[in-house]
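What follows is a set of structures to go through.
You will see two complexes here that share chain A, one where it goes with chain B and one where it goes with chain C.
What follows is the complex of A and B.
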């Protein structure tokens, strides 16, 4: 899997300009969402977590839909599958690389959220844990569905249609946990949402790894 | 002459594959001894590529059974992949990566020593372009790089689909040297081509396909 991960980092480094574009897209989405609320500071702060995750989710579809582009260009994925390598290792390499990219994107969007929504927090480590788990929960099924739709003509449309319903629990838990971190958590509820995120990550990462070779093999 | 199973590189039995309603390969059976060079000839669309893709486990047969080096094409897929290499119509290369990075990925997956990527690159005459992205390569250079990929895999059976395509005369000589090298090392080589004259000299066995069926062997 290390070799697969290394390959993903190489490919991502070569297309790093796209990561900047995805960040700009996410930041623009956050800006536009803030217009919907208006200049009400309390309401902006109230909705900050939801908009952060919507921004991250919309940006993630841009990243995920392109994740198999290089693999399909010269049928490179078929070439890899014909090597003595487990399809599962290829999947986990790609999914981990995507998760890391989404985590970085999430972290980069936090200062934008703080500035636009006045939604700062001192519980930074907790916020990082939620972003990591939420991004991982999007990446695992997102990578699988990206493989499924990579040869479809309307992949940019098909991917969100398939992915969004599946990740509702992850999105809900991420928004709730982030909201509690920003607005305060006197009852200590954030822990329960983080546990839910952990559980869904466990399910997605194990199930998608098992299904990947069925998706990519003839 | 009947061949024992341990001496067989390939034992294909009634292999068939269809795309939609059309049978690209129909009821193809043959046996090939280890260490032999086989030429699969036929016109465009005769089923050569489909046959090589089935034997290298890139696709599954719809009917029939194939055994490669004692391993079933379906149940022993991983073992077959460990022992074979396919030079396909597609280059299997990443456009944005350099030639060396592409080969380094293959070398790492195959467990080959790190220096082997540069050695293979030099073997196909691309050492001076090691750090150039594949997107800047001509079709012939991509073909050479794909050849380097096959060499890195050190296969017991090499499937070469139209190996002469897009190559210059120097490239033709390279293919002949590589085939001789593989054969010298005890490997079995299966070459699908419509350039029959070029392969006839070193092919031990011929298989002629027409509309997916074997017309002569």
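What follows is the complex of A and C.
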């Protein structure tokens, strides 16, 4: 699995222009969301968390759909599957790489959010935890679906179509937790949302790992 | 022999039975049962809404089990059943959203409300519609079956999580009705309609599975020899 992870990082480092492009896409989305609300500072601050996660979610379809791009060329996926390793290692390597990429993207988008929406916070460690859990929750099913849709027709449409309804709980919990962190959390509710994210991650990281074998086998 | 065709007349008998039950139940619900004390006539939509909701969950549960069995046994009979159950489940979920909106407007004053059950139904509708789209875009029958089975399992596991997350987020819906929570005058039409919808749903799933397995059989059969000769 570590080898699979290293391969992913190497690939991502060699195509870092892609990561920059995705970041620019996410930042543009954040800029556009503010036009939907209008120049109302209070309302923008109120909705900042939702915009951040929608921006991250939209950008995630770009990174996730590229996950199996390299493997589709020259039938490299078949070659990888012939290696004496479990396909599960391949899945977890890719999913962890995707999660880390999304976490970095999320961290990079936070300053954009702070500047555009005036939504700063001092509870940085909490915010990092939420971003990490939310990104992991998007990546686990996202990587599995990407394995299917990269081999199907109309892949660009299919991935969000399958993924978006599924991660409604992740989106809800991340938005709620982030907005509690930004706007203040007098009742200590953020903990509950973080445990929901933990539960979602626990379920999908194990379930998708189990099912991945069947998706890539011939 | 194609699967699902041992009793060719059975779905039609179930259809007739379902229509009869629905007619009787709806007659009792619309004309015999008294209007509800607080909600008045509007409440009568419960006689179709609640049975649709029960059977919708049943359809998706059947799709989930078909998916699991298909992954273990690779028998295309279960692939056809899964496709049928998903399609009927989507239809019922759509009906649920419509009935819910019709009921919500006079009761809550809005067409749509972000209540856990309503939202979960909408999410289910889109999640399973995505799986049907996936089936359209994959040409290889084996891959199509396995992938949609995997996606069905993943989407089904999501249902309780969506439900609880939306419930924490916002809640307004009525407490669920069941024959034990409603008075006996409401009880009979509710139960009759529940069986009526159940029979209709079973018949729809059987007929739809039949179409699916016939389509699959035609995909797997090689083209006729003379056509193959022409192509070569």
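Here is the rule we go by: the second predicted complex is superposed on the first by the 218 of 218 C-alpha atoms of A that agree within 3 Å, B and C clash if a C-alpha of one lies under 4 Å from a C-alpha of the other, contacts with A are read in each partner's own complex, and residues count from 1 in each chain.
Quick note on the criterion: a contact is a pair of C-beta atoms (placed from the backbone, for glycine too) under 8 Å apart; a residue touches a chain by one contact, two chains touch by 3 or more.
As the structure is a computational prediction, the values presented were derived from the model and not from experiment.
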Contacts of A:203 with chain B and chain C, given as first, second, both or neither: second
Chain B versus chain C as contact partner of A:15, first or second or both or neither: first
Which of chain B and chain C A:176 touches, first, second, both or neither: second
Of chain B and chain C, the chain that contacts the larger number of chain A residues: C
First (chain B), second (chain C), both or neither touched by A:3: first
Set intersection of chain A contacts, chain C complex versus chain B complex: none
Residue ranges of chain B touching chain A (in the complex, touch as defined): 56-60, 78, 81-82, 84-86, 88, 90-97, 101, 105-106, 108-111, 149, 153
Residues on chain A engaged by chain C in the complex (per definition of touch): 141, 144-145, 148-149, 151-154, 157-158, 161-162, 164-166, 168-169, 172-173, 176, 192-193, 196, 199-200, 203-204, 207-208, 211, 214-215, 217
Complex contact set, residues of chain A against chain B: 3, 6-7, 10-11, 14-15, 70, 73-76, 78-85, 218
Chain A-facing residues of chain C, complex: 71, 123-124, 126-127, 129-131, 133-134, 137-139, 143, 146-147, 149-151, 153-155, 157-158, 161-162, 164-166, 168-169
